[in-house]
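Below: one structure, written as structure tokens.
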Amino acid sequence: MDLAVSPHVNDLVQRTREFVRLEVLPSEDHFGGVAQGEPWRRSLQEAARRCGVFGPHLPHCYAGAGLGFADRAPVFEEAGYSLFGALAINAAAPDEGNQHLLGHVANDAQREQYLTPLAHGETRSAFAMTEPAPGAGSDPRALRTAAARVPGGWRIDGLKHFITGADGAAFTIVMARTSGASGDAGGATMFLVDAGNPGMIVTRHVPTMDKSMIGGHCEVRFTNCLVADSAVLGEVDQGFRYAGVRLGPARMTHCMRWLGAARRAHEVAVNYAAEREAFGARLANLGMTQQMIADSEIDLAAARGLILRSSWEIDQGMESNDSTSIAKTFVAEAIGRIVDRAVQICGGQGVSEDLPVARIYRETRPFRIYDGPSEAHRWAIARRATKRIVSQVAAERP
Amino acid sequence: MDLAVSPHVNDLVQRTREFVRLEVLPSEDHFGGVAQGEPWRRSLQEAARRCGVFGPHLPHCYAGAGLGFADRAPVFEEAGYSLFGALAINAAAPDEGNQHLLGHVANDAQREQYLTPLAHGETRSAFAMTEPAPGAGSDPRALRTAAARVPGGWRIDGLKHFITGADGAAFTIVMARTSGASGDAGGATMFLVDAGNPGMIVTRHVPTMDKSMIGGHCEVRFTNCLVADSAVLGEVDQGFRYAGVRLGPARMTHCMRWLGAARRAHEVAVNYAAEREAFGARLANLGMTQQMIADSEIDLAAARGLILRSSWEIDQGMESNDSTSIAKTFVAEAIGRIVDRAVQICGGQGVSEDLPVARIYRETRPFRIYDGPSEAHRWAIARRATKRIVSQVAAERP
Amino acid sequence: MDLAVSPHVNDLVQRTREFVRLEVLPSEDHFGGVAQGEPWRRSLQEAARRCGVFGPHLPHCYAGAGLGFADRAPVFEEAGYSLFGALAINAAAPDEGNQHLLGHVANDAQREQYLTPLAHGETRSAFAMTEPAPGAGSDPRALRTAAARVPGGWRIDGLKHFITGADGAAFTIVMARTSGASGDAGGATMFLVDAGNPGMIVTRHVPTMDKSMIGGHCEVRFTNCLVADSAVLGEVDQGFRYAGVRLGPARMTHCMRWLGAARRAHEVAVNYAAEREAFGARLANLGMTQQMIADSEIDLAAARGLILRSSWEIDQGMESNDSTSIAKTFVAEAIGRIVDRAVQICGGQGVSEDLPVARIYRETRPFRIYDGPSEAHRWAIARRATKRIVSQVAAERP
Amino acid sequence: MDLAVSPHVNDLVQRTREFVRLEVLPSEDHFGGVAQGEPWRRSLQEAARRCGVFGPHLPHCYAGAGLGFADRAPVFEEAGYSLFGALAINAAAPDEGNQHLLGHVANDAQREQYLTPLAHGETRSAFAMTEPAPGAGSDPRALRTAAARVPGGWRIDGLKHFITGADGAAFTIVMARTSGASGDAGGATMFLVDAGNPGMIVTRHVPTMDKSMIGGHCEVRFTNCLVADSAVLGEVDQGFRYAGVRLGPARMTHCMRWLGAARRAHEVAVNYAAEREAFGARLANLGMTQQMIADSEIDLAAARGLILRSSWEIDQGMESNDSTSIAKTFVAEAIGRIVDRAVQICGGQGVSEDLPVARIYRETRPFRIYDGPSEAHRWAIARRATKRIVSQVAAERP
């Protein structure tokens, strides 16, 4: 049993921390946390490379630091301290999850064509899974976008929405049904669709409360979208399985990043409370403020413990759906509480853009919904727990 | 004991409800809940007059319906169903509180000059109390803006912020210290400062998460701002007492209005849940969704009960600080919970602007902070309760 | 709209308050809140009669004060201030609910035989509805106890549990199925079974955490239990309807009584906090304690508002299932929170029997379960709300 | 980074689990969780020795398994699955904390006289710190029990209460002030007082809601209690420092044990929910029940993560007051929530003694109070966090 962070990871944590403060926060504050265009992205990533903090999670062959999940947790938390930090080190959603997925599933040609430039920050990518009702939402099996066999390839038709980063992505990994019907547990295939394919159109940016994701959350329509056989990622009909490969880890890295943002809100609020007087005392010395501060400290510590557990299980190759569901649910809700308390502590300043907490409030609320809403995770957690406990009790009954 | 709503009030409730749905919601949805300019305000109010729902709270002499606080509760809730509804019926903050204050404190000349056009919707107004730290915030006694005697009048100097509606207001009621020092319990005076006074400048709009208040939340600087003796509202040094006259009722009407907005978010979410399928069932039939729906129904009912109690006490002329503190704290937090649940139920739609819930989420968060943050109210509630209970226990000790 | 308590009710409230403090609390504290036997009950009730506070809810014909539900709310809250107060004024469960039921449903002979002595405190009674799984629990329609026609009467067979007060009751109102099968919505009949009927046996007292109910919570077995036709209460097969008559009002009077107990715990804790020092300050001046005190004040006020609304609706003869479900759920949970905070404020004393709060903690926990667990009420509230909102939205769609 | 439990620890976990189920739970259920006398304790410990699970935390020299804190966490959780499990393996409070303290502070003679028989289960012990107000409670510095120098030793005078296990303890470690005055941060000394010392009298058992601690929670009066110099544990005036040695670890082992009890309540409830039908479905398939089950799973996982972090820090010799405060606060409250949900899921059975959950509810409530109430921990957590964050922010300000 060893919880020590190794010195080289710790060093990367510290350097990422400094990098974010010096190079990224000024940009976030300048743009009010609203994502900008490609030149801006490239200059952030250039700075990260210059500071030696680019790609902590990427394999060495892509000039990354090759960290496993347990080791990247504290690094990603530091990156997430700024809303733009993960982007700067090329570890933002959805690219980071796609890097992971391609690393596991892509063939050599696909790696060279898609993963290499993505890993080097030359391109961005998207992952097109969710659909408007009654399509794939909390329940991926409701998938309705379909791919039909055509000579030499496939024709994809369907509508996706909330596709983060689709506008401007060099390629989009599209989940489409190749067999079975909406509601079936299998029958999905992943396709790599290049930007510029005339059958794939970004029909609009869904206007959402968060503003920090480059490329926005898009509605993407596939109409007679033709792709070659070589566009199939992995094997036909194995899409749900691959989605599982991406899902748990992507949940965890989301947790790591957003936890950093929540911690920033918390630290801003604590510092505010330490400077501000009310009713003849420092705000930070009033019991109700102390309760909020302590509760956020507890939430941060508990969140880190759950992230570590899940990350370590992923690193061990353990089946970790349960622990990632538990961690994601707790962490997303803890982040919501932490940021809400920060807003409350800062009072009028907390709802204004003069401090970053209002911005973090707006950015983090959706996390209780995407990557599976808390309710869907709780449903899965309860079902697994019931099954496990009932069989244990039965086995141990004297 | 009679909780029945009288028929004429009920009639006004129904007409306000229809008015809001037909005339106001389209404007709110069109502008995404962002307040527009004067012509827009006037056209909304014109529609309200046409529909006979303008000024339910205003005295008959201003063509209002003359409702007391208990009676206006359900009317204001219906108006608040749209973020622009209260403005349309001329019952929005801060005008509605100023109307109340002027009705109690202004002399005849001031009534004619300020209240009459305000009551008829010809003008807007502002109320300038809060100041940047270390000035008047949660604790009004920290007041630092000062008014000094000059021949024939006063000179006001100081800085205010979060002054809602100041930009475009025909006049601003300014709270300034005329005796004592920052921290003293007395010594404040209210002044009526006309728009165009060269000593009063709106230095900026504080950028906040909410967008629905006409005239914004402004920073206002008073520099050598000269006003005549006739600008004194009520008597010199009685400002804190008058603020008390405005405070409790203004809290309650805020509660009424925002409760309507929260109810809209709830109803949108319930309707969404009734139409949407997930995991093979209507969302509205899943237990965790039902729990959220039921909790919001409970919150709405409890909020109404507390508003009614406080409003009735105000109508009776009872000293009701305690009951308005209790009601404000509960209602502001209940609204936060209700709207948060609505966001959660609507999933991805809940954080997008395709539904109104994200907008209501953004607009209602500040209410837990202004009109006294929950923590300041709890402090006051606890102190009063302790005093009351300790003396009761002492008195009844055998 | 009038929330004023009439002078004669207020007078009864004050006298009940004094009575409880002088005559009942000493007995509660002496016996540690554990119910004693018949002589004890009779002496408490004798004292209540002497003090003129017996039977505030009973019709004048039974020497009661004839108060409606809205008026009895504050009286019952004062009675409930002691765990034995309601018993003393003959308003304890299940007798009070049975008095109400018999008043509505019993014929003249039954009134004379059962209601008259019950109202005068000469007897106690029980109400036998709930059954072990898979019988009637949260869902009364699962009723399995059955009554079969025999010449001149009925034969009842089945098993009931958690039958409060059954041991020592002069009669038990038994709910039994006379048509249909377990799960059907109708087909139940109520029977009046006299103590001593050889077919009805109290098989055990279910040992529960609460100890204040006279006669305990019993398991009662009906085996070949023969009753005459005259034992039918109301009409055959109308039992579920009559249960509804009893249900809503009984929920509300439970809320009133337990709210009084919660208030006692709160007052004891506040008084303790006002006397006790920690970390160089009175406990009552520490912010986290103040937060607990304020939250309990808010809970008490909100609970009273909901009870008043439901009680008034019952008095008006309105169909009030929804409002009693809402009130019961909120109030039972609010009581839980209030008492838990009281325990916490009192620290080590709070978990000891040296103060009454630990006792109140133990007595009130079950209330979130009986009279319908919170979950069953939320399910019903959500279903009604969804139906109501969906049809409103449909009706108002332009 | 390695979270794997080593095989020999895992083996001990499994054997402890089996031991508790086969040998301890029957005793707990038989006695309703109420602690019995010495023969009972000895027979439980005899069984533990027979099964090879006695003293997992004890050094090898006492025939223990010598586990560190991180390793003992899962073992103690399994022991705590029964309210009597920790006692059986000689790891119950206060003996386990005293073993730890004596191991660190006692001299050779004291070890032989006190620690050896205690470690072998031949004796029990007590730790006398807390005093009635205005003495040492949440704030130990308020210590009032005093020890005065007498020829060849000391005379102790004072009153202690909530002294767990004092009745029947072979010796009591008594904290007394040897210099300074009540409120001072230093000046305490620890004394070993033998049973039978005529100056130490157990004046009563404080009647508390929990019943599982052998020897009860006692009030102990020291009157002219004479002890020799050899009774001083460690050095004079170093008592507060030694208390710190005991404090953090003792908090953590409390957390481990009670978490096991909470898990039992959870598992009983889940199993109940899986067997019980309501409203036409298994209770475990209803969404609101699933929410409770999932929340308890999340609480268990988060609690384990925090315990592991603190335990590992203790093992590393790191100053871990902050992490034990965080862990204790979260875990004690999580246990409260878990057990409360278990009660709720089990309905009427949940408040009866027919299932163990009501018993666990009663036993675990005090844990939010002793070992520092949540409020005192939050105060300390907030103060440390504020100090840490303010200095970080200052250091990193560009």
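For reference, chains read A, B, C and D in written order, and residue numbers begin at 1 within each chain.
Throughout what follows, a residue touches a chain if its C-beta (ideal position, glycine included) is under 8 Å from a C-beta of that chain, and two chains touch if they have at least 3 such contacts.
Since the structure is predicted, the reported quantities are computational estimates derived from the model, not experimental observations.
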When B-D and A-D are ranked by contacting C-beta pairs, first place goes to A-D
Distance-maximising chain from chain C - centres being C-alpha averages
A
Just give me the whole-number Å value for how far the CA centre of chain B lies from that of chain D.
51
Between chain A and chain D, what is the separation of their C-alpha centroids in Å?
40
Where chain B touches two or more other chains at once, by residue number
286-291, 375, 378-379
Can you list the residues on chain C that touch chain A in the complex?
286-291
Mind pulling up the chain C residues that touch chain D in the complex?
130, 133-134, 137-139, 161-162, 183, 206-210, 217, 276-280, 286, 288-289, 343-344, 347-348, 350-354, 358, 361-362, 365-366, 368-370, 373-376, 378-379
Report the residues of chain B in contact with chain C in the complex, numbered from low to high.
1-6, 21-22, 70-71, 266-267, 270-271, 273-274, 284, 287, 289-291, 293-295, 297-298, 301-302, 304-306, 308-309, 312, 316, 323, 326-327, 329-330, 375, 377-379, 381-383, 385-386, 389-390, 392-393, 396, 398
